[in-house]
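Naming follows writing order (A, B, C and D), and every chain is counted from residue 1.
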């Protein structure tokens, strides 16, 4: 049973998507992402099962399971729960040991995390009473312009003159969109403006913690190349995005699980 | 040309839907509603055409056209524009001459209007910096629970114990929803809570103007029977909903147009 | 059985006390619209959030109820009613109460604090009151804290007696007096203002412009004069001294309790501690008579817990100082323990610095004014932060939670300054949290929990790193 | 051609003036990061929003630019820099400026007002400054108005000189001094506070507690002493009288202009009127020297418009009084005319009531303090509303737009009270509008327009109904 005991899992249940990573020592042997849908509990079971199925494993093969993310406490099969803030630090630390800063933008919140030397949280800040800098904001804006959330990032790159999207409140930004649209502004410029405004908001928030090299961008929104570009502009340094940015939280949870066995 | 000259139109371009009403003297001869979609200009042309088509009329048959609603200035074929606040007062005044108060809840804003004896605005209040009491709020909540916006009103009537939805901000109310859902609360009670909270917010706003008998509820959200019920509870008097509450603004515009010829 | 008996028994009321007070209790609950369901909810919440096995905690809960009865019924019982604003001029309030003690015909207190605690934290039924306040022109997002909303809202709902005199206080925040003006416009009550401005240049505390003391002393004397003319209340030297003594006795007992709470493992939850701490803030009535006893009982019980090694968190848990125990919800206060943080102390109990106040004032009014100035928090942002930083240095904690009322401008303006300055002075990790006094309507509980847990994880990791351990 | 020449020429700069000032102009624009594109935008905005065919308007625009140059370059040009907060202690500022006039080696002004007007309204480029302010701890939704955000933000960005002395003012709002404290912490400048509390019981204006005057006078004297010790500036009786005279001359000219604006049809847009009105508020420098002339020129031009029957709205348009012309955006001010409302007057120009102040104070400091108290707005909510109501009675308008800073707590608390009270006293329809000083980031332009249009439709209908007409 030596082999089995080295296999661990991290499950990250976010507001928008559920993610799982299975780790064998330091190797990711399987990962999977599904929409969270209506029941966080079901999403947790489902994403775990589908990830296990990929490698023909069963729950019994996993020696330790850690849940993280917004719905972490609903993961009944987890041995332990940890916040996604620690997990993103851990996950990034494993992939890029010299990284000192994580920008994590998820569906409902955004965080800027300083990673300590040992891969723990050194400092962090998370959006408080305003959702303007979150994935939800982008989603609402995409919907207003009848656009696919997965495409708006690349659309934004084609905006040669980003609109000034000045509203800080999601709801008012939305009506600003409608106005710009009515005025005949191009989608490209509107999306460029939206991404730029949102990047700015995240950077203002993150300045409390500071941005030290290297900066890594994680969470579902990190797949949005427009957001990466505008964050780079605002932060003034290169920002790295891991191959699968949305699984970094689950990876971090799996790493902590590995350290427990 | 005597006949033609008495035919007038009102066009109401809202954030969510575009409406047109064609009036011959005091008789509504055609009305139509379509989603506004991406272009307000196109929506205006399209809803006008479809309404005309119903009666085999052409634009030339209409002697006066008044546009209202959020997108009123984009209606290039209109002879005049008037705010939806005046139009709702006019429309309600025609249908129910003794009505003194209009509650109009649209996609992006909500208003409480006092009607003067002559059917004009006597006083009014409109939501300022917060969208919590608007159709958009209901839409977001419906989406969180994967529900159809047209059904949530009747679902809410089956809630025997409305949840206390305490958040005043759309974004936070949304995360409250997610929590209630995770805690296993029924959809019925959640929707009852949402409707009750929203009704309360509209009534607090409307108290500046006051609710004098009779109170009429217009706008797209008035088709929601849950909202009617909870508004009645909060206002403490019967509230009337016209047969087609969403066309009242367009009707009012048509009435003003009729008075111009 | 009366529908409220179980609840009040839980809150350490004796059977015959409940019988004696029947009419008062029922009338209070009638006015507030509290019925059997509300009692059930309160029982459930109290059992969930507070250590009801401790008699001291139950006594404290009982005192809050007595404060509520005294407040709501004051006018009906023929008392003169004097309100003061928040943050309250505690010492002045206590002294007035002490002066009127013999006849027992005055209610003197800060009604919003009582409503926040009892109607809010215990019954979870403050929202309609806050909404009534909003309807008066204190909407959310307008820089109005829920304290301002709730007193005016309650008066408009008719659930609070209209005071004979309101003492408006602007030495910290300029909005209380405006809320008082709105109140007196609507209800016709008299108002006396205790004015001062929390403005001194950065870096000057504990020094200040003595003119401020003279001005505030003149305000206090004006209040005293009005008390004499209107009610015949005289604030003599003897009243001042004795009143002062009785409060100091109470607060020394609280300091004593706090000494035990700072044991490792931490023996008392923040929710329980807050019940006692806020008693001193929210009221000047029953607290003086019965609060001291409750604190003494609780102190003994906590001592016993310490002897037995009992903790609300494991031994060695990271220790944090919280700026202000929350009025929002006992759930928040308990959350700190749930995520594994020991909370041995709050800012209110930090020891004062050793430097004495710089000017030797002698009259009662001047002495009162100077004591407020010296407390730092009414001096300036610097005064508040410096006082805090000095206190922190004498306290062994691993981190600081600086929770501030997001609508409170003095707090907000200070929050980031505090983080920067404390970081430099103490190097302690600090978590900034936005709250309101009572506003479960405007925070996302799950996001709050994530931040607190992450802060706990960070502190644990830092401790482990410092011990060269590996997480 | 220099990239700024077209813009400055539009703003009534002479060719040789531009040549003479070349270095100063270029250095200012360099510091502010304003390039050719910004000039184009400003030209477009100015042509769109202001009546540039009027020399008086162009002169006023030019004065704003000169204020900007003087402000931004003050330190580099070796001047002493004295800032005062918002709402500014105008008279005191003018008098200090007058005292320092001979050497021309002082900048004395309210920098946030200059930034709001020039960087904001003309260039539409204030957002980065506001965001820098937010980053310092003045986030939106925290009861911080954009005036507080913008001065501190600009200082942190290094686009404003650090003052030698800041005069913190808390007689209206308690937050300015906290923002000043933050500033002096970060930049090390001196601060003197002009304290007072806007707290008097409802119904008392024009009476008040004379203690307030004594306190504020002591604060003013402290400031005068500090001016003498630090800079050698002496505020003598002569300086007071002459300074006062020069300002009164300016304001009487503005009153005179306003008299013509109140013609029917209304001959000047609110955006144009605001340019002149705010000059008096935002600055004490060039305005004293050149403002008077600009007002006189504009007055002649407006007189001519009146003679010709020219109106910015049709004759007979509903007439509204607006509480405060907006700092947000000239588009807002013009919108009032666009929806068909004539705006003959703003609250700042309402005639003072005839009752004289109740106490005969004699020293300069006391006279200054009393003048502020007597203006109502620094007295209490009641004082502000009553002053407004009395003025309204003497003014023929059909409605009132009460626009208030949604983050300004004195305003917010007063807004609903005002509507109720004015309704009772005058019966005039009143529209409440939430705004900020400069915050095009936080309002929905289309919703604002709908409200204004609906208000205009309502007033028109009321007029028609009153005339038994039918709409």
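The rule is short, and it goes like this: contacts are C-beta pairs under 8 Å (C-beta built on N, C-alpha and C of every residue); 3 or more make two chains touch, one makes a residue touch a chain.
All of these numbers come straight from a predicted model, not from anything done at the bench.
Annotation of subunit A and subunit C: jointly contacted by B, D, touch as defined at the top.
When the contact pairs of A-C are matched by residue number against B-D, A-D or B-C, more than half turn up again in B-D. When you average the Cα atoms of each chain and compare centres, the chain farthest from subunit D turns out to be A. If you average the CA atoms of subunit A and of subunit B, the two centres end up 38 Å from each other. Inter-chain spacing, taken between the CA centroids of subunit B and subunit C, is 46 Å.
Residues of subunit B in contact with at least two other chains: 70, 108, 129-130, 169, 172, 175. For subunit D, residues that reach two or more other chains under the stated contact definition are 141, 406, 416, 442-443, 446-447. Taken as a contact graph, the chains are fully connected, with every chain touching every other chain. Across the complex, subunit C meets subunit B through its residues 127, 131, 134-135, 140-141, 440-447.
The part of subunit A that touches subunit C in the complex is made up of residues 70, 82-86, 108-109, 116-118, 120-126, 128-129, 208, 256, 259. Residues 136-139, 141-144, 168, 170, 173-175, 177-182, 184-185, 190-191, 193, 195-203, 209, 211-212, 214-215, 218-219, 222, 380-382, 406-410, 412-417 of subunit D are the ones that touch subunit C when the two sit in their complex. Here subunit C touches subunit A in the complex through residues 406, 416, 419, 429, 432-434, 442-443, 446-447, 450-451, 453-454, 457-458, 461-462, 465, 470-471, going by the rule given at the top.
Within the complex formed with subunit D, the residues of subunit A that make contact are 129-130, 164, 166-169, 172, 175-176, 178-179, 200, 204, 207.
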